[in-house]
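Both complexes shown next keep chain A, but they swap its partner, so chain B is in the first and chain C is in the second.
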Partner chain A sequence: MLAYTLKRLLAGIVTVWFIATATFTAMHMVPGDPLMNDKAVSAEIRANLERKYGLDKSAPEQYVIFMKNMLSGDFGISFTQQNRQVNDIIRDHFPVSATLGIMAIFFATIGGVLWGALTALYRNRLPDIIIMFLVILGISVPSFVFAALGQLLLVNINSLFGASIIPVAGWGTLSHMLMPSMVLGLGTMALLTRLMRSSMLEIVNEDYIRTARAKGLSPSRIFFRHQLRNAILPVITVLGPQIAAITTGGFVVELVFAIPGLGRYFVQAVQQLDYTVIMGTTVFYGAFLVLMVILVDILYGFIDPRVRLS
Partner chain B sequence: MKYLLFLMTLWSAITSAQAPVTSADFEEQTISIALTQEPPQLNSMKATDQVSNFILPHIMEGLVRYDRRGRIVPGVAYKWEIDPDGMGATFWLRENALWSDGKPVTANDFVFAWRTTLAPETASEYAFILFPIKNAEAANKGKAKLTDIGVTAIDDYTIRVELERPTAYFIKLTAFATYFPVREDFFNSRGDSYAADAQDLLFNGPFRLTEWVHSASLKMEKNETYWDKEKITLNEINAAYITEDSRARLNLFIDGKIVHTRLDGETYKDALTQKQRIRSFSTGSIFFLEYNHRAGRITDNLNLRRAIQHTFDSDKFVNNVLATPGNLAAESLFPVWLQGVDDKFRKEYPAEVAVVNKGLAAEYLAKAKSELGIEEFPALILLSGNTPTATKQAEYLQGLLKSRLGLDIKIDKQTFKQRLAKMTSGDFDFVLAGWGPDFDDIMTFGDLFASWNLNNRGRYSNPDYDEQVRIALNNVDPKTRMEAMAKLQKIIHDDAVILPMYEQGVIYLMNSKVRGVVRRVVGPDPDYTYSRVIK
Partner chain C sequence: MSEMDDTFKDNVLEVENLNVEFSTYGGVVQAVRGVNFSVGRGETLAIVGESGCGKSVTVQSIMGLLPTPPGKITAGEARLRGNNILNLPAKEANKFRGVEIGMIFQDPMTSLNPTMTIGDQISETLMVHRHLSYSDASAKAVALLEKTRIPEAKKRAAQYPFEFSGGMLQRAMIAQSLACNPSVLIADEPTTALDVTIQAQILELMSELQKTEDMSIILITHDLAVVAKMADRVAVMYAGQIVEMGTVDEIFYESAHPYTMGLKEAMPSNRKDRAKKLTPIEGSPPDLFSPPAGCGYFARCPHAMALCETKQSEEFILTSSSSHFSKCWLQHPEAPKTDGLFQVGDDHAG
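The block that comes next holds the complex of A and B.
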């Protein structure tokens, strides 16, 4: 197990290095000039700015410097916020995105597993049809639509009661987090529902279920002990990457609900060609994603002994 | 029981959601607002953007400031004198102007800030606004020492400024954020992180920044050490939300969480159906089609530009394409708000307007073809931004020029940075461009197409134009200056240097309980300094 974990970690490091190199190359190939702003500056000021950010050196030199700094955990200063370290940006804003993401995953997993199991139990009957219709909606409608609708719903609820029951935007308390995390989790919830449904349907016809039934076990015991536990495996497989995707993909939700998450920096940095923030956030997110995948693989071994054997 | 306890904890966690805050509180005299983005730079020496330039004048103060009606009034300086020849100025500072830590604001704080801004290694993008000061430009280019810059502290409360040339509007410049004071010992104690957080700043303005949660909120509270605090009624300006999403801001406004929000084309319709009272305000910025005048470009041909001039109807454009209130049809490079000799410049010197005339346009086009020696025009590149508004405008022009003049236009939609890069390298035939004022003088627009101006991205070059700019730069007599600008206005029209499109207006909602908010063309906008909440 230890050797396996180490092997995975080593491969993970190589992956992160590859992500960093690819991003560095792609970023420098994006047309546009990171140091340009509305007001043109003189050649002298321009030269000073280039020196400050090391852009006066050749691309290979910049790459070497970047890699050296990255190894010591330093991503440099942001181009747009010239007095903020990229490290500070990640440290300040990732916890927000992570909290939002964990809440969203919580909603998505509970909902996905329950709805999925329900649809399997009521296969081809009305509840199944209704839920599967909603699932298709959840998968195909982009999150910015849900975000806008969700916020509008809150505005209407508040105006109905004539008071601010639930805040329509902002961050800080649990009540701020409810709507955005539900909105953010919807897509994943739909995905998990579909996954759960198909894996439940597979299991319903397994021999060991028939055996359980023949033993005279109660339906609820069969459902929880035998069906759910076995059906949940594929859900856990996708959960790792989904957690990473959700914590990184909350840009729109963060924008609509005015949440100070890292997702906003991630997207705006690309628009602004903020080199250091692009590199910092991408490498950070990349490492995070890789770590989640490794964790899930290890976790898998605990849940399903068969995996450990192979 | 266990569940009950859990539910109770959960409920208290949910409802601990702070005491209900209203966007405008009469008892407490507090207001809440939303920002469109986190201020990227609260270091006054380096700030360039709108949000920072909105926050900074609320928390700091220069030698002079703007009053409610946009006039220059004393700030840290209680009086000033301009030399008769306009080549220098002396400022006397009040002794009761204090920093938020209680120490007095002294002449050295200004000298330090101006020198640091101009130091080449600071690489301040707004250093140019200090260039009227003697040796400032040279020092910024590393060709003069910082100590040679024409600003000296005669004593703690007197500043002497020598100017490079007579600058009629120098006093107005000192209200600008780049001219704000910075205290040397505090600045040095913070090093690279100066202005990175609320505690990394010192304040001498009407408010102080007490809380700054990055990307989430900023809180400005009344500054008790401010010398003119009696005039300040508000106790707190709470920028409680930061989001670019205009629909989210509209929702926050409707929910009573913020006192002000700017609308765009989409949210405008929603606000109308919500029966909100929509207000409009002219930002003082001008938007135009800029031609590429570089030699060899088709758009370098005057007759082609004239043909377009006689095709485009800015009234129609404003009413049918922009179609939101507040915008004005543009007739000149100079917007209507600019001051002339005694009245508004545009009243004293009305701009010539080219009539829309199909026959005339066709004539000019034919002339252009024969001059260029071509049968058909090749496809011309119209560079534009990638926002919905820019796209709409570009597509309108594309359709107009095709149907009226038979010109094929290729729209080159680019991200902000890439559009700037292409504008600078000259990789376009036309570009949708705009210009906003930095200070309250006609020169903030006037020198835009001078051959030496780096912001003249179409590289228009005309000795007559340059000459008029020089006259207006080197004279203090209003009449002489305005006449030069009037000649310049005529050159822009006759030479079809640009195609003026519109003077930008914004539409917004404002909580009617908040009074005394000033909308400004130059300076912080909106300005809440003298506002108050009524019952």
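The block that comes next holds the complex of A and C.
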């Protein structure tokens, strides 16, 4: 298990290096540079600024400098935000995005497993039909629609009570976080519900479930001890990529709910060709996602002995 | 033979007039049509027949393992020491499942939970039915594995099914089914998925444990070699009915139903006087969506008579001890004599 984990971590580091190099190359191939945004700089000032930021050096030289700094944990200073370190931007705004993402994943997983198991138990009966209809809605309707509908719902609730019980937008308390994280997790929840349902239905017909019944175990014991654990395996497999989808897809939801997350900086930086912020946020997100996928794989190993031991 | 009959007088399990249907898109399949049998204490009853004859459905109905729907037990009783156990709700059924009746299955590779250790799967039964603590149950599980001759039982108990070979898994399945000392073991084609040498070992283990544990075995198989090795009595099933039943010697040496004859001729033999080509039974079993009015074997039977098509035969008893019957009109006193077939009034071989 240890060797497996180390191997995965090493592969993860290579992946992050690849992401950094690819982003660096792509970024420099885009026409223009970060200084284009400052209006009417004379050739002289521009040359000075280029010297200051090291933009006068060749791309390979810049790459080496960037890699060196990155290894020491320094992503540099933002081009567009006065004297703001990229590290500070990440430190200030990532926890917000991460909290939102983790809560969304939490909702999605719990909901997905629960609804999936429920629909499988009530197969082809009313609860199944209703939930599966909602699941199709959840998968096909984009998150900004749900975000707007969610806000509308909150407004109605608040006006019903005549007081602001649940804030409609902003960030800070748990009540701020509930609606956006549910909206963000909805698509994933729908996907996991479908997956869990089909996986449960498949497992009901497995020979070892028949054995469990022949052993005289109660239906609830069979459900929790034999079905659930085996049915959850495919769900965990897609959880890694889904975490990626949720954390990068958070931008829209952050925008609608006015949440000060990292997503905004990520998008802005690309628009303004803010080299250091692009590199910083991309590499950071990349590393985060790689770590999540590795964690999911390790978790998988804990649930399925066949992965752990072979 | 008469000694044996005395031993089997007290029947552990009795099945009477069992009828099972399956509702499918194509219509209702009558999979089991009025099956009667009983199993005595310490006895091995083999149920033989080709695929789809209803032998597995019969035992699964007894255990309450039929998927319902589409399956449905439409009539009949199964009595365990006199108490009916058919069509019980799960809670009631779990008082005998795994306790009074243990069951092992055809494919040991898929019949155990892949994400649970072998030891835990065995001790689970003990914890649920015998209310043992986890540590007591685990210790007992190791003892059970030792009983089924699994080497290094303690180490093996901590392993998962994928770390076992097929034969070892079937041993573990047997250990699991014996956990609560059941009086009946139902073995649904226990050796079909195993290779021949392992087959012999598993069968030997089963007959040994049968003696030490004093239990009855219902053995479902299509392998006549396995029947000859294991069974005390044999029920030959065809198209959802038992067409012939008798002691193992009666079935093999005094076969009284053309289908039993056909099965025997389709079996390879290494005896010089029987060294000949295998004779398969031509044709296929009847459509059980609309079961025939007469004998199910009519279309394939080399000795079929006009009567066979329209009217089902009664069970003709061939021995004074009534251990042997055949459901075939050829046993009627007025039926013609048929070569090779044992008929009412013939002299017993032994």
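Odds and ends about this structure:
One rule holds in what follows: the second predicted complex is superposed on the first by the 305 of 310 C-alpha atoms of A that agree within 3 Å, B and C clash if a C-alpha of one lies under 4 Å from a C-alpha of the other, contacts with A are read in each partner's own complex, and residues count from 1 in each chain.
Here, contacts are C-beta pairs under 8 Å (C-beta built on N, C-alpha and C of every residue); 3 or more make two chains touch, one makes a residue touch a chain.
Bear in mind the structure is a predicted one, so any value in this text is a computation, not a measurement.
Superposition model on chain A: chain B and chain C are shown accommodated side by side without a clash. Of the two partner chains, chain C is the only one that A:D207 touches; chain B does not reach it.
Residue contacts after overlaying the shared chain place A:P95 against neither chain B nor chain C. Which of chain B and chain C touches more residues of chain A: that partner is B. Of the two partner chains, chain C is the only one that A:P219 touches; chain B does not reach it. Once the two complexes are laid over each other on the shared chain, residue contacts for A:D33 go to chain B alone; chain C is not touched. Judged by the touch definition given at the top, the superposed model places A:P127 against neither chain B nor chain C.
In the superposed pair of complexes, A:P241 makes contact with neither chain B nor chain C. Once the two complexes are overlaid on the shared chain, A:Q272 sits against chain B while remaining clear of chain C. For the three-chain arrangement built by superposition, the Cα-centre angle with chain A at its corner and chain B and chain C at its ends equals 160°, in steps of 10. Superposition on chain A leaves chain B and chain C with their closest Cα atoms 27 Å from each other.
Residues 13-18, 20, 34, 38, 40-41, 43, 46, 48, 120-128, 140-142, 192-196, 200, 213-216, 240-245, 247-248, 251-252, 254-257, 414-418, 420-421, 424, 454-455, 457 of chain B are the ones that touch chain A when the two sit in their complex.
Put simply, chain A touches chain B in their complex at residues 31-34, 36-42, 44-45, 48-49, 52, 77, 80-84, 88-89, 92-93, 148, 151-152, 154-155, 158-159, 163-164, 166-176, 178, 255-261, 264-265, 271-273.
Only residues 206-208, 210-219, 221, 225-226, 229-230, 233, 303-306, 309 of chain A touch chain C when the two sit together in their complex. Against chain A, the residues of chain C that register as touching in their complex are 63-65, 90-91, 93-99, 102-103, 105, 107, 110-116, 124-125, 128-129, 160, 162-163, 173, 176-177.
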